[in-house]
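Next, two complexes with chain A in common: one pairs it with chain B, the other with chain C.
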Partner chain A sequence: MNRSTYIVVGVVVVLFLISWILKAVSLSGEDDGYILRGFLITMSAFLTLAIFSFLYRDNPFYKFAEHLFVGVSAAFWMTQGFWSTIVGNLIPRLSAGLSGFFMVPHQPSPWNISYWIPVILGILLLMRLSAKYGWLSRWPLALIVGTTAGLNFVRYLRSDFIVQVSSTFVPLLGREPHQWQGAGAFVSQLDLSATGQLAALLTNWVIFVGVFCGIVYFFFSKEHTGVFGRASRVGIWVLMITFGASFGYTVMGRISLLVGRVTFLFRDWLELIS
Partner chain B sequence: MSFHRGRTSSLASGLTARLAIFIIVIAFLVTPTSWSQADGPDPVLAGSDSALASLAPITSLVAEDNTYDNGNALRLIWVPSIDDRLIDSKIIGYRVYRLAGAGEPRAIAELPPGSNQYLDETVLRDSVYSYYISTLSERAEFPSNRTAAISPQREWINLDRGYLFLIALAIAGAVIYYVTVAKRGKKLFVRKIAGLEAIDDAVGRATEMGRPVLFIPGIHDMDDVQTLAALTILGRVSRTIADYESKIFMPVARSLVMTAGREVIKSSYQAAGRPDAYSDDMVNYITDEQFGYVAAVDGIMVREKPATVFLLGAFFAESLILAETGNSVGAIQIAGTARPAQLPFFIAACDFTLIGEELFAASAYLSGEPRQLGSLKGQDVGKVIAMVVMTVGVIALTFAEAWKIEFMQDILDRLSIIFSTN
Partner chain C sequence: MPNVGVLVPLVAIFGGLIWLLVRAIRGREVERRVIFMFIFVAVATPILFPITFQEHATPVVKNLFDRIENLPSGSTILMSFDFDPAMAPEVQPMANALSRHCLAREHKIVFMCLWATGQSLLNTTLEYVIRPDFPHLVDGVDFVNVGYKAGNEGVLNVIVSDFKKMFPTDVNGVPLDGVEIFDKVGSCKDFDLILTVGGGRPGPKEWVLFVGDPADVPIGAGVAAVVAPQLYPYYPRQVIGILGGIKGAAEYESELVKTHPRFENMEKPGLRMMGPQTLAHVVILAFIVIGNIAFFRGRRGKKTE
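Up next, the complex of A and B:
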């Protein structure tokens, strides 16, 4: 780091201290732990700004926030995994002595192999740390991958195949309350409203044609040429229009997240808005 | 006088005795049938006018094992009380009693009037139970016969999903057939997938620029098929990288993915004849925390400036952040996910995007292995089945709704049964 970096860091540290003091003073009348709370709010605000600073370019403040976030979260998830899974679920069922050591209530139960299988697989996974027995770590991995594939086969067959097919059974000429009564009646009683028969028919046609052509696009055994190619092109158009709508919808959601963060800065930290 | 009094007393006592017998006989005749049943519990009455509010109990109570479960449910079926059909019925509901073995009856549920079945899901497999059901009025309850003893059983096969099994069998059969055909040496055609065609060019670009390739396998664990597909593609990518003597870096958010990723890259380097060039540092665990991982990967992108970024796997809110950062550092980006909500971001910010199933088809396309190609062709058979069934179903429904053609309704009903979601 050069001299100017030290100066900028020093200025930010001073600003942080001033902000902390001012925030603590403003909270002193309403909160007993106002010093700690003032520190936490100021820290949250500075870390938020540090992350936002990435929009300009990579810089030491972003690096600090990034490394703090990664370090804290990695430690948190490891601790969480150890205490909730191993100490919380496994040890109370395996050993009274270990339960006492970790100060969790022992749950005496008859010897059950289903508790020992994950212990053995976990130990096998840790064999990766050994150069000589590292190959043993492939066994639990193979079990996880194989089990996942097997279980997901049935799940996806139902959700992505059966449900999709049955949901596409739509009447192309309408149903109650828009019962088809012939082309003449349809034209003479044409209703262009969103709840009318025309809208209902268009919806059903879009569903059927869209799904059909979408499947054609994902058909890999035939070159997409001729009629097949045109159907495939309709399919990709349907997909792109859907993605466009989804994009706009999700961006709106992200903007609401930004609004939430800016609200925190201006209300909780700076107290400029109420 | 005393004689007269005594005679009167004798007459009175005779009349009382006859009256008592008469009342007993009448009471016996008007008493509900169930009260006289030997194996049923006694009625529970409250209040002096209970006889006036007497109700017929339920009949034909049967307890049977609930089929296709783990032996943890029994089903009760009965015919509701005759009095339940009256408009001004006095019945306020039914109370289900259960006897475990030779134990005391215990009320386990209260049901509204009109109920005719109940599923008891609080039983234990292989324990013995019997039941009776009381018809409830405001002041009394009128029990039914007790069922025969029954114990819940576990079934190993769920025949309710028979059609699902047949559909799976058809698709699996097609996969096996095509795998066999491919193994015999017949060349199976798979159309070009644009994003995959670009892999070699993208890795070559990284080599020429002397920058690394960044491979991001999503943020899900090994129990997600998208991660598995990403690792399959990683095998091909890392093989190309090993051939080109380029560099790869793979930050991960799950420890198991780190282990699997190292295995894949190591195998690729060995297959390329360059095991010495492999290093465990190529795959690094960052954190399980979604946005912690994103912050770290963004930092890696702007500092290492990779020439090529692969974003393949399961992505969520981080997809646009990662893709935009990769775009800002000028990397050529090849993305792919099966999550519809994230695909728009990849399409907007990446050079090539594998949409949905293209991600899964990629591994077969890249490897050219008979097993994977056969699997891909078998899945195409599934798509043909879907298109045919959809077309038939839509035509049948359209004709059945518009012109009330019974034959079409029959077809639709049959298809609906086969493609039901139960």
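Up next, the complex of A and C:
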């Protein structure tokens, strides 16, 4: 590290300490643990700014925040896995002694091999750490992949295929509460609201034309020329509009997260807003 | 004075955008850090000097609102907090608004989480929303928090047929056999409505796949904007209503205040966040126009060469 790096780090440390002191002082009247709370809020603000600093360019503060996040996340999920799955689900069913040791209520039940199978598979999974017996970890992994695929296959087939296909069969001339009663009735009772008959008809037609042309675009056994080609082109437009809508939603989501962090900085850290 | 506060940054933003547009027409490129700065100012200004917009519930939000509103008082609703702090700014406002609405209609709520991180965010809702707004409601009688259970889709696969097999006690260790709400609830099929708030996996999609469709239980979802488009195909047959992103939360809050004026003074983070959203979107749209002008200008320049 060169001299300027030391100066920058020193300035940031001093600013951090000043912020901590000021925050603790401002919290001292309302909170008993004001020193710790002041530290936590200052640390959160520092980490937020450290992450944002990447927008300028890569730097050691960003790297520190990034590595801290990865490390804390890994540790968090590991301890969660241990305490919620092994201690929470398994040990109370296996042993009164271990339940007492981990201070969880024992759930007495007759000896059941189905509780021991995950223990054995879990140990086999850890064999991955051994060069000699690493191959044993393939068995539980195969079971996990097979079970997940089996479970998901049925659910996805039903919800994402059969029900979706049947949902696409929409009445093109309307249904209850907008039953088609002829063109005259349609024009005389024309309702332009989002819940009106016109909107319902348009929605159904968009679904029908969109799905049909979208499928045509992915049909490669026939050259995309003539009427077929025009339908395929409409399919591309439908896909592009869908991707655009997804991107728009993503932008909205990211802006929401930015608003969340800026609100934290202005409200909790700088106390500029209430 | 606040008007002056909001006017100065707005003039700066739109003045800057016009200046960048002129630069783009002249064929000059825009430094990416300038874009970040504009977005920051566009987001920060409405936070410091709130700008609010009128929101109206769209049918996809109104459907869910009406379902909760029209359920008979005392109906049992399962509400799952399947999100983490990263998603919280977007989906916590939905969770808060949905909880308020359900409890205002005197429905019984069973709270649970499929995400370990959801537990602390659920506690936030209980501590800062439910207890202050409904101090007379009793934990274990009017609502129950059964907490988090590891297992993702595995949990759903069990509770769809036997809820207490996976959650024998509430989060405080009280057996559910003695909790009144569970007198008529044996499995997910017995809930009048399931609300899932989240955006990752497991989340609303898994609730539809593993509980909603197999058990034929109505599901309402509050989702992060990023995954909302993936959920819309399920509406209205498999999901009765969707709050998509902060816009969905704002629409729901607006409908809640309109129907239940007692919530007029409640914190409305969804509506509050629509100001920064709108301004940031206007800036992004302007940059898309500027970027396209710069692109076509550059292409024309290359052709002439």
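Note that the second predicted complex is superposed on the first by the 226 of 274 C-alpha atoms of A that agree within 3 Å, B and C clash if a C-alpha of one lies under 4 Å from a C-alpha of the other, contacts with A are read in each partner's own complex, and residues count from 1 in each chain.
Keep in mind that, in the parts below, a residue touches a chain if its C-beta (ideal position, glycine included) is under 8 Å from a C-beta of that chain, and two chains touch if they have at least 3 such contacts.
Bear in mind that the values here come from a model prediction, so they are computed numbers and not experimental data.
Q: Looking at chain A, does chain B or chain C touch a larger number of its residues?
A: On the superposition, B touches more of the residues of chain A.
Q: With the two complexes superposed on chain A, say which partner A:S246 touches: chain B (first), chain C (second), both, or neither.
A: A:S246 sits against chain B and chain C alike.
Q: Between chain B (first) and chain C (second), which does A:W180 come into contact with in this model arrangement: first, second, both, or neither?
A: first
Q: Please work out whether A:L27 is in contact with chain B alone, chain C alone, both, or neither, and reply first, second, both or neither.
A: neither
Q: Taking the superposition as given, does A:E223 touch the first partner, chain B, the second, chain C, both, or neither?
A: first
Q: Who does A:R158 touch here: chain B (first), chain C (second), both, or neither?
A: both
Q: Touching A:V262 in the superposition: chain B (first), chain C (second), both, neither?
A: second
Q: Given the touch rule stated above, what does A:A194 touch, chain B (first), chain C (second), both, or neither?
A: The answer is second: A:A194 touches chain C but not chain B.
Q: Do chain B and chain C land on any of the same chain A residues, and which?
A: Of chain A, residues 76-77, 152, 156, 158, 163-164, 242, 246, 250 contact chain B in one complex and chain C in the other.
Q: Can you tell me which positions in chain B touch chain A when the two form their complex?
A: For chain B paired with chain A, touching residues are 164, 167-168, 171, 188-191, 193, 222-225, 228, 256, 259-260, 263, 285-289, 291-293, 295-296, 298-299, 302-303, 317, 320, 340-341, 343-345, 347-348, 355-358, 361, 365, 376-377, 380, 382-383, 386-387, 389-391, 393-394, 397-398, 400-403, 412, 415-416, 419-421.
Q: Can you tell me which positions in chain A touch chain C when the two form their complex?
A: 55-56, 76-77, 80-81, 84-85, 88-89, 105, 107, 151-152, 155-156, 158-160, 163-164, 167, 194-195, 242, 245-246, 249-253, 255-263, 266, 272-273
Q: Taking the touch rule as given, give the residues of chain C at its contact with chain A in the complex, in rising order.
A: 33, 36, 39-40, 43-44, 47-48, 58-59, 86, 88-90, 116, 148-151, 153, 157, 168-169, 173, 208-210, 212-214, 224-226, 228-229, 233-234, 237-238, 244-247, 273, 276-277, 280-281, 284
Q: Would you tell me which residues of chain A are touching chain B in their complex?
A: That would be residues 51, 54, 57-58, 62-63, 65-66, 69-70, 72-74, 76-77, 125, 128, 137-138, 141, 144-145, 148-149, 152-154, 156-158, 161-166, 168-175, 179-180, 208, 211-212, 215-216, 218-224, 239-240, 242-244, 246-247, 250, 254 of chain A.
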